[in-house]
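Each of the two complexes below includes chain A, the first together with chain B, the second together with chain C.
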Partner chain A sequence: MIDKRIRNVLLIFIIPALVFYVVFWISPVLMSFYYGLTNWRGLGTYDFIGLTNYENLIKQGTLFASMGNTIKYTLFVVIWGNVQALALAMILNMKLRSRGIFRTVFYIPALFSTIVVAFLWSYVYAPHYGMISEIFELLGLSGAPNLLGDRSTSLFAAAFVETWKTSGTMTIIYLAGLQNISDEVIESAKIDGCTGWQAIRYVKIPMLSNTITVNVMLGLIGGFKSFDYIFALTSGGPGDSSSTLMYTIYKMAFVEMQYGKAEALAAMAFVFILVVSIAVLTIMKRKELEA
Partner chain B sequence: MRKSTRNEILVTIGLTVFFLVFLSPIFIALFGSFRELDDTSNYLQLFHPLHLESYITAFERMNYFRSLGNSLTITITSVVVLLTCCSMAGYAIARLKGKLGSFFQIFFLAGMIVSAQMSIIPMYKVVNGLGIGNTIIAPICLYVTSALPFSIFLYTNFIKSGVPYSLEEAARIDGASIPFTFVKIVIPLTKPALVSLIITQGVPIWNDFFFGMLFLSSPTKKTLPLMMLNFIGDMENATQWNMLFAACFLSALPILIIYAFLQRYFVGGLTVGAVKG
Partner chain C sequence: MKKKLISLLMTVAMAGSVLMGSSIVSAAENAETETEAAAEETEESADESTGGGTSDGLEDVSEPVTLSLMVTTRPSTDAKDFYLDWLPELVHERFPNITIEVEQLPTDQYKQTVRLRFASGEGPDLFTWWAKKQAEDLVQAEYVRDLSDFNLLDKFDASITSAYTFDDKVYGLPLGTSFLTTWYNKDMFAEVGYDTYPTNWDEFIDVCQKLKDAGYTPITCGDNSSFVIQFAMYQIGASEIYAENPDFDNQLYTGETKFTDECWVDTVSKLQYLYDNGYVVEDSLGLSQDQSRQLFIDGEAAMIFDGSFGYTQLMNEGAADFERGMFCVPSNAEGEDFVYNWTSANALFTSNLSDELHQQACDLVMQYWFDESSPLFEAWVENTTDIIAFEGVSDSREMINEYLDRYKDFQNIDNLNNAWPEGVSDEMCSRFQEVITGDATAEDVCEAMQAKFEELAG
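Right after this comes the complex of A and B.
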């Protein structure tokens, strides 16, 4: 049986990836479901305590607070990130001679490490000597906002930094999508009496639906995993006002040493992200077909 | 014609202003990094005499060449192992007939929604259980693993849409084995996908600090982003900012140089798999 021999060779080809994936990715996730049912604190023995961690996370409000922050962060990243990138891509897609230079420069933030980006923006946001404060001073205004120190703005200040860093990537992806739309389509839409805005709304955006799905999913995954900027810029604060799911899990495990509780939260986060990702992907795919 | 030229000039000016504002944190930090060490006057006054003291201090405190070497070793090893594993698995998944192929595709894809923070404690246990704690093998394994789901997905799709099966069949009739066909026919045809993976996965590995922060405690093994992490406490101190800015640029310098030379691969690499018809 030649086919069977081919199949066996192909299965051997999967083994290296499978070993990494099962040892370092799947088994830790499964183990975390188990630890979530214990009161393990890292040292010594631990007891099996059933769903107590889950109950506490819900009763103490930790689950919904961190989930709410993650949703707000993600919505900001997805909506603002895509609007900004799509608008820029459309402008850059005009036959400008300087397009290459703009595209090159605009991608630079995407090359920086998140920790470097966090340093740059903690200068921008710093009270007294930071960029925003100095601009206020320059204009003779008082009361420069302390965006990272205010409960109502710190989460969005961090989310804005994320869109700043990813804008180059998203714009380049949109630009490639726009370049796939042939000029003839736009020309014939104009001949049929489309105004510029109508051409964008009813021709370009539907034809970009595939690219929009890619960028929405990119934003969604980035938003759900938001950790780096919260860690380096706000430490979840002030209070818990910017604690996202991933940051809360990290803090519970490594700062408060509540391993069991952290893994219970991780398990709920896992289910939540799985359900939302599948739902959004299904909706986006259906929209794509309609378009 | 004349009207379109005027429009182009207006749009170009508008874009230039936008980009100057958008990227202003980078420009201000760049000018700040060349100031005297203790010069904390308003950063918006960009032009001061050039000084390199901030860079010298940052260079020494980061132990620059050692950290650069660590970053290079970890990134290059991770990317090589990643490409080997994901191309083999991606090829197999694309060519496996029946349900087996789609099972493995979904199985690996599911890993994309897992975030490293979710299972850090068990991950820690696995790493220490294997005896690779505080070695560079630990972050390398985790970089490879966390990049696998997306990489396999992209590679499988690239083969399905871009590599004609008839070529492989013809080779097989001529007596070529599967490993031979894979290396001689499939790999050369999938170069764009491999380049794309080097860039989309290599840059984040180079820039990451999370796995290093968890698994590398000895100072001699730290990478450039990890050395930046050491400076977090200095952010509170207004007099340290010139040095911090210099450290930011020193840490980004290698990748900026690579970008300057290989820019078209970056732009091309991002859009492989992201945009189809």
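Right after this comes the complex of A and C.
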């Protein structure tokens, strides 16, 4: 046990960091809740307008539309991102020739900046000049999909780019998890009569539960704060079909100059993300224990 | 228990990072109050120092000073850029005590950065900004200096300077003008029997149909970059709305007119007509502005809605070699009045929050910049992409001069959004994207614009 006096001295050393944290993190968050109750436009004076901003966000449908898009985006990123990364990790964990080269190649997307990735993919998706439409043309097919220009696909097209960019990182994490499963465990499963799929379903995946939690949480965070690919690829469109919470907050504050309203939406986004994150983390932890 | 409390605090703080973007808000407001006093102190001396003569007899400031200049990002070329290269170099050469640090940002980020810097008391000493409603909040917050006493002010085109005039005080020195226009492929037009540009809506539709029948794509539009929707809408709206009522925008604020009025519904309907009849490139919502421009210069489409600001990109050589022309979409019926778009591009503003020394330095820079005999003026005239509205200076681009000369006897109108609160034009573009996908009507667009206008102007 640390002596009480020493512990008190140590606590004093924490104070500067704590002050920094409170001034630059906690108080702005609390202040933002306050500004959400005003009609501040970024410049000049403002009035206290109570819950009008919250009321308008609900009445105008902005809250639910952007929240719905965020949920869809997040689900895609979490589900497809993890399936893709887990599959890649299992392939890269096999005893392949040139395995090192493959591992390097699949990690490359993670090295590009977001804006470069978005620019590249804008040309992949582009009708007329794009890679997808060129492939269709080469195959003699007509009707290449206009993924960014279609209301039903633009959100997922942007989310797919996010999973492409993060696939390397998630794969590495899964790979590390797979390498922690000893060969003896797999060997004994096989002796007990496990087929390849059964070994994955009943041995490997349960033993990866910690890793899955990490990757699910990474996907969840990436999905909830989805902004950059939406900004660069769709600008929230067509219409508002791909406007996520973060993009809507950005547009409201910095395009329409409705800082007060944007703060109100940010406050609601904060509560929503906090509740969902805690719920998912709790469920995942329980699953880990069961596994 | 304490550990739990600390953990809880940490959790809240971590999750709170979502809202960190708003942290500027509180800091900004405190700083705003502090800088008001400083601004008041320097206002008097600033008003005195904007006078003067040509730059020959000007003396350098008494001690070294660094001025911050902010401009929006423009297309880069191999040549030296006026703002990034010529301006800092030539000013420093003439006034060794003055150093200019230039920062450029894309338009959206630029707007928010300039505003937030002013709100935090650290606005740029010199910066470029837009006209009318877009500059109004900066003027009302007293962030920008009154330049009414600037002695070279009468050299600028008075009709353009008026876009920066509030309560009879001039706050910006116009750096030029631009216009929204329709670039067209003269060779394709000639092929379908049009040796000249259309002068009314029926002729315009006729040429579109003939081009379509001949197997060409009449118009390309990069609607994925939603702001380009404005390029067509404002050209159509010019005649449709303002020929009969030039005061339409002012009346929006008094409630005498509304976006839901027939003239606006007709404007949106006419643009919709072009999409519904297959005159606009297929899948335009998947095309960016750059990709659309490429289609035009490659000869894949006969027309593109763009502007004089697209001159460099649209004059580039593509896969096809053809002669270019420009016209403003004539939405008027035959025999009815035609109105075209010609607008102030932007202007040079100076900060009211800078200290006396910085304001003196800004005055020297402006005197030097707009002195017709100075090398800086020469560099500006040679390198700007805008159409300069300064006495005795004409544009070197033949196409631009021919265009303005052709339409000079007609009424002209600014970019329509110059008269609206920020955000209305974005609403228009977003909703019109839904018209393209078939999920909304022209009336829906107008209603959404009116609702947004009432929300933002109220």
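For this structure, a couple of remarks:
In this text, the second predicted complex is superposed on the first by the 275 of 291 C-alpha atoms of A that agree within 3 Å, B and C clash if a C-alpha of one lies under 4 Å from a C-alpha of the other, contacts with A are read in each partner's own complex, and residues count from 1 in each chain.
By definition in this document, a contact is a pair of C-beta atoms (placed from the backbone, for glycine too) under 8 Å apart; a residue touches a chain by one contact, two chains touch by 3 or more.
Note that this is a predicted model, so its numbers are computed, not measured.
After overlaying the two complexes on the shared chain, residue contacts for A:F270 are found with chain B and with chain C alike. Of the two partner chains, chain C is the only one touched by A:L148; chain B is not. Judged by the touch definition given at the top, the superposed model places A:V255 against chain C, while chain B stays out of reach. By the touch criterion stated above, A:V29 is placed in contact with chain B and with chain C alike. In the superposition on chain A, A:K225 makes contact with both chain B and chain C.
One of chain B and chain C touches more residues of chain A, and that partner is B. When the shared chain is aligned, chain C comes close enough to touch A:T234, but chain B does not. Using the contact criterion defined above for the overlaid structures, shared-chain residue A:Y21 touches chain B and also reaches chain C.
In the superposed model, A:I135 makes contact with chain B only, not with chain C. Looking at the shared chain after the overlay, A:I115 reaches chain B, while chain C stays out of its contact range.
Looking at chain A, you'll find residues 21, 24-29, 31-32, 35, 42, 122-123, 126, 128-129, 224-225, 249-250, 253-254, 259, 262-263, 266, 269-270, 273-274, 277 touch chain B in one structure and chain C in the other.
By the touch criterion given at the top, residues 9, 12-13, 15-23, 25-26, 108-109, 111-112, 115-116, 118-119, 137-138, 140-141, 143, 223-226, 281-288, 291, 294-295, 300, 421-423, 426, 430-431, 433-434, 436-437, 439-440, 452, 455-456 of chain C touch chain A in their complex.
On chain B, the positions that touch chain A within their shared complex are 8, 11-12, 15, 19, 22-26, 28-29, 40, 42-44, 84-86, 88-89, 91-93, 95-97, 100, 104, 108, 111-115, 117-123, 125-126, 130, 141-142, 144-146, 148-149, 152, 177-179, 182, 203, 206-210, 224-225, 228-229, 231-232, 235, 238, 241, 244-245, 247-248, 251-252, 255-256, 259, 263, 266-267, 270-271, 274-277. Those residues of chain A that touch chain C in the complex are listed here as 21, 24-29, 31-32, 35, 40-44, 56, 122-123, 125-130, 146-151, 224-225, 234-240, 249-251, 253-259, 262-263, 266-267, 269-270, 273-274, 277.
The part of chain A that touches chain B in the complex is made up of residues 3, 6-7, 9-11, 13-14, 16-18, 20-21, 23-29, 31-32, 35, 42, 91-92, 94, 96-98, 102-116, 119-124, 126, 128-129, 131, 134-135, 137-138, 164, 169, 172-173, 176-177, 180, 210-211, 214, 221, 224-225, 227-228, 232, 246-247, 249-250, 253-254, 259, 262-263, 266, 269-270, 273-274, 277.
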